[in-house]
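Below: a set of structures, written as structure tokens.
Look at the two complexes coming up: subunit A is in both, with subunit B in one and subunit C in the other.
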Partner chain A sequence: MPQVMVVARNFMDMVAALPAAKLDMLYDSAFICEAVLRSLPPLAKKYALQMLYVSAPVAAAAMEEWVLDEYAAKHRVAIDRLLQLRVFVEVRDRRKEVSYKMNQKFQGNMQKYLVDGGSLPREPIPSSVTARLPTLAELESFALEQWECFLLQLINSSQVERGTSFSSSMMRTFQRGLLSSRDGEAPRLTENGFQFLLMETNAQLWYIMREYISSAEERGVDPTELISFLLELSFHTLGEAYSLNTLTDVQRNAIRDLAELGLVKLQQGRKDSWFIPTKLATNLSASLSDSSSNKEGFVVVETNFRMYAYSTSRLHCEILRLFSRVEYQLPNLIVGSITKESLYGAFENGITAEQIISFLQQNAHPRVADKIPAVPENVTDQIRLWETDRNRVDMILSHLYEDFPSKDMFDQCCDYARDHGCLLWEDAKKMRLIVRVEFHSEMREFLRRLR
Partner chain B sequence: MVNAIKGLFISCDVPMAQFIVNLNASMPASDKFILHMLDPTHMFVQPHVADMIRSKISEFRDQNSYEKPS
Partner chain C sequence: MASSKLYSDEVSLAVVVVDTNPLFWATAALPFADFFAHLIHYVNSLLLLNHLNHVVVIAAGLSSCTYIFDSSDASASGAADVAATFAKASRKMDEFIAEDSRATSSNGSVADGNAASLLSGALSLALCYIQRVFRSGIRHPQPRILCLQGSPDGPEQYVAVMNSIFSAQRSMVPIDSCIVGTQDSAFLQQASYITGGVYLKPQELNGLFQYLAAVFATDLHSRTFLRLPKTLGVDFRASCFCHKKTIDMGYVCSVCLSIFCKYHKKCSTCGSEFNRVMPDLNSVPDQRQ
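The block that comes next holds the complex of A and B.
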């Protein structure tokens, strides 16, 4: 079983992990405050808005009375989140009682935002200057194409036809952790890489953004600036052109990298050049659970384990090849079947049955998507059974203790091991005890003390 | 004096347990690895045979599969 699961964490978790000083700098921008507010759990949002115009600290005990007793846990979660993001600041008075005050900068900016509405540091360029803006559909296909190209590069670095404009250092950054290359060999996908391919697009985007930001320091770019720029980007209007002149150098470099991934489209006019945010960029501040991908599914799975994928994309073919046996590839259809051997191949690569099943369910063709269940139960059950078949035998390194001089000693040892959760087997008749190997030295100590 | 023996605690289902017992019986006397048979689904074996048991089980599993020639 894979030890490591690729966790697609929300952008906000990354923001919350920043040191306090940097977080305060981030709150200079009203957009970041707004984005942070949007990402809070519902109860936390309510608290933030309630405290918006309250300047004195409110006692924690008073806040606890705002919820009914049975929701105390949710209250705790909300308060913790607010503290983590430094929206609320803890204040202890002389009597050591805790009360919460809203972060000054956050408060000031949010109040202004409420009143003014907030304006981006740049305006869209009037259409008299921009020759011909791509339509929303063209933008969508551009973004999809770029993203697929990137993912295809991940799968087979040698077979991508289009000469990629990805700078090699960027590719390395993006693929760190997903590809492992040994000298002299072509880079191979790691376990994380396989799981990454089966994730939803939004989840994949988050993962890449996280890698991009964490590697920013190595490239000499301040990650806070990058985060604030990315959050600002998500507030731009989809499909409108914004001039490149309004960006700082750091932001300009970032825009070039983002264009390669398909988040923005760069265009050149006669005098100016501008960028157009695509759907991928405007979705950046939405949380993972809220995202409703309106991408149409394309896979039909039948009860005889055959799979029909209505897609022309090479990326889809490669992904399906990961866990199924592709039999025919027609101009608009990929026919394959899910076999034990193909699944075993996938399990060897570190993909879990749950990931395969959720991939099939998320990408179910609209004709079968409304059926319950979207993927036939015999197929999902069989995939899970095949997975558990690989580990039918459970082996634990342990020590066996026997030849106890008295029943009393045996019982005491049993209880000692059981209290520490290390008892694997006890046989009272033969007076034998099996304990985990990590516990052996402690057991020896215990026996020595007893004697 | 209490004796401590290092080994591997195996828990599995009944068919797998019988498979391992059979494997044990087929080994020459010096290589027999089962130290104690605890109950139909648990046993205590020597520590070094973990990989050998796993490879024999996957061999057994592969014997039962058929791959359609492509």
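The block that comes next holds the complex of A and C.
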């Protein structure tokens, strides 16, 4: 799932891009240290662990000895990442030799983690106060419902769903980059928007969170605080209630927005109110390193290009409609077919063949997921072929030469152009030839000499 | 194993086999309590590296072995009570040690002084666990076994240990070994050699965690890039099937490859009869070493 990785990495890039002082401030929290450590590439993780109890700086040259010579590139990537995130700090001694030292706060927090194990960011409210908490299943369906609602709204933002409570300002933040709205027109999905719909839930979530954080400054909120809160949120226990009173104002505002997306569920008690993290929230930091959705797929694609989707969700239907022709719908089944026309529609919208194929593969029904390949090869090949069909015409800027006075001169010109690899086309009968645009001046020079 | 069933290759399932032999720990340079603290550190650090990492600890006593800790039980109740989980693990460890010593004294098998831990049993438990993970669920992490052994090898377990090693090799599970005792273990040298694991005998036992973190916490994916300690020599000696002694030279059944230290008329394993008269062992050294 390459897309997910890209998105997740990008999030950590955002963390890495923070000024050093702010980053050091983030490392006051053990949760952020943990989330950062987990987001590192495997080799970097190992280095961090190895340096955990080393307080003196270690020479860079000595570290290079850790890896085999042919993998020095991997070593550099790992070290760069550690330096970017300020997990390692560069130290130069008098002889200008570089050595690395672990960030002290980070080291301290991780050492504490190893001794005491993880702890909770805040204590849950005892069940005596909260009358009845939703069960995990209820919570999950709530999260899914909110999330689907949000996605559906992206697809047909013109027809507003009944019963949704998205505030329009919030919606605008979340839709930045995904929707384009021209004045007087209903907003339309952009290329990014279409690609977004085919992503995996975790990837979508991170995309949205990135938008949310990068737009924070416009709303007068410090992005550092949001980042730390989001990472912290993912370490709360699923399904437990946490009091809103323990949050700062910024966090309280953020949690309202997150509730709309289904990351947390807000509940009101007699005296105080609390939030309950859902699976979407607790998976946030987990999905940074690995995106393993254990979701069951629902799509069966047959070799005759027919597609059966066992789903009741309107969202699924809308997503399938992006690249296939939905023929009929039964209560639990959507039947469609992948046609050239439907795919051309998708390509027009900026969706690529690879995205469609990976969507079909990732969401393959368990009955076909075991087979290799999960999607018939003739279908995937055809989807790719249809995509390349659109790229059949190559544009090359060029010049046309005609009206040559003699056959001899024409042949000389042809040979000259061919020798330089710039002859695109020739017609000996009518004595016409076409050369690349960059060769035009040389060609003119050559013709002048011939004359 | 279809590669699609694996998580990305850095996710690991580490099964740690811990030697709890009371006869060894009574005389060990490193007190058991300190050792256990290092172990908990190590387990914690594995769990820290990746939330999908899965750690199982198995204790191998003198006459029994059991599961002490399983991180999949722990994480179900949330990360909150890690401390409680480890307290439970250490309690379970104490219970096991008491139980094990009772079992040992009742069957009186340790009378011969050379008391080895039940490595074969613990390895089998580990492999069974790994097989169960393989067969359940859609995707599973990359498994490996780490043996923390202190007590000497028990030659009487030779066949069982070798069988475990070969089945680990078949299911592509590397066996890492870390020797916390004073003498090298021929069994584990062979195990690591055959399965492609790392064999290490730390010099400074007080820094055990550093060894564990630097060498044994490395996931299988990163191992291809790293310079890990290499084994200097492997003790390939076998134990004979008749008296369970470690031997340099002996007789091998030509049918089933059973090893004997003395000449027999009939193979005790497969029943083949050796009707040809064997020459004297010392004059013709054509037997397997």
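The working rule: the second predicted complex is superposed on the first by the 376 of 451 C-alpha atoms of A that agree within 3 Å, B and C clash if a C-alpha of one lies under 4 Å from a C-alpha of the other, contacts with A are read in each partner's own complex, and residues count from 1 in each chain.
The rule is simple: a contact is a pair of C-beta atoms (placed from the backbone, for glycine too) under 8 Å apart; a residue touches a chain by one contact, two chains touch by 3 or more.
Bear in mind that the values here come from a model prediction, so they are computed numbers and not experimental data.
Engineer: Where does A:D116 make contact in the superposed view: on subunit B (first), on subunit C (second), on both, or on neither?
Structural biologist: A:D116 contacts subunit C only, not subunit B.
Engineer: Answer with first, second, both or neither: which of subunit B and subunit C does A:K22 touch in the superposed model?
Structural biologist: In the superposition, A:K22 touches no partner, neither subunit B nor subunit C.
Engineer: Would you sort A:H420 into first (subunit B), second (subunit C), both or neither based on which partner it touches?
Structural biologist: After superposition on chain A, A:H420 lies in contact with neither partner.
Engineer: Figure out whether A:I396 sits in contact with subunit B (first) or subunit C (second), or with both, or with neither.
Structural biologist: first
Engineer: So in the superposed three-chain picture, is A:T237 touching just subunit B, just subunit C, both, or none of them (first/second/both/neither)?
Structural biologist: A:T237 contacts subunit C only, not subunit B.
Engineer: Could you pull out which residues of subunit A sit against subunit B in one structure and against subunit C in the other?
Structural biologist: Touching subunit B in the first complex and subunit C in the second, no residue of subunit A appears in both lists.
Engineer: Using the touch definition from the top, list the residues of subunit A that touch subunit B in their complex.
Structural biologist: 325, 327, 339-341, 389, 392-405, 409, 424-425, 427, 432, 434, 437, 440, 443-444, 447
Engineer: Under the definition above, what is the set of subunit A residues touching subunit C in their complex?
Structural biologist: By the definition above, subunit A touches subunit C via 34, 37-38, 42-43, 45-46, 49-50, 52-53, 65-68, 71, 74-75, 110, 113-120, 235, 237-238, 240, 285-286, 289-290, 292, 294, 372.
Engineer: Considering only the defined contacts, which subunit B positions touch subunit A in the complex?
Structural biologist: 1-13, 16, 20, 35-36, 38, 42, 44, 47, 50, 53-54, 57, 61, 65, 67-68, 70
Engineer: Could you please specify the touching residues of subunit C with respect to subunit A in the complex?
Structural biologist: 2, 4, 7-8, 10-11, 41, 44-45, 48-52, 78-80, 82-83, 85-86, 138-139, 209-210, 213-214, 217-219, 221-222, 224-227
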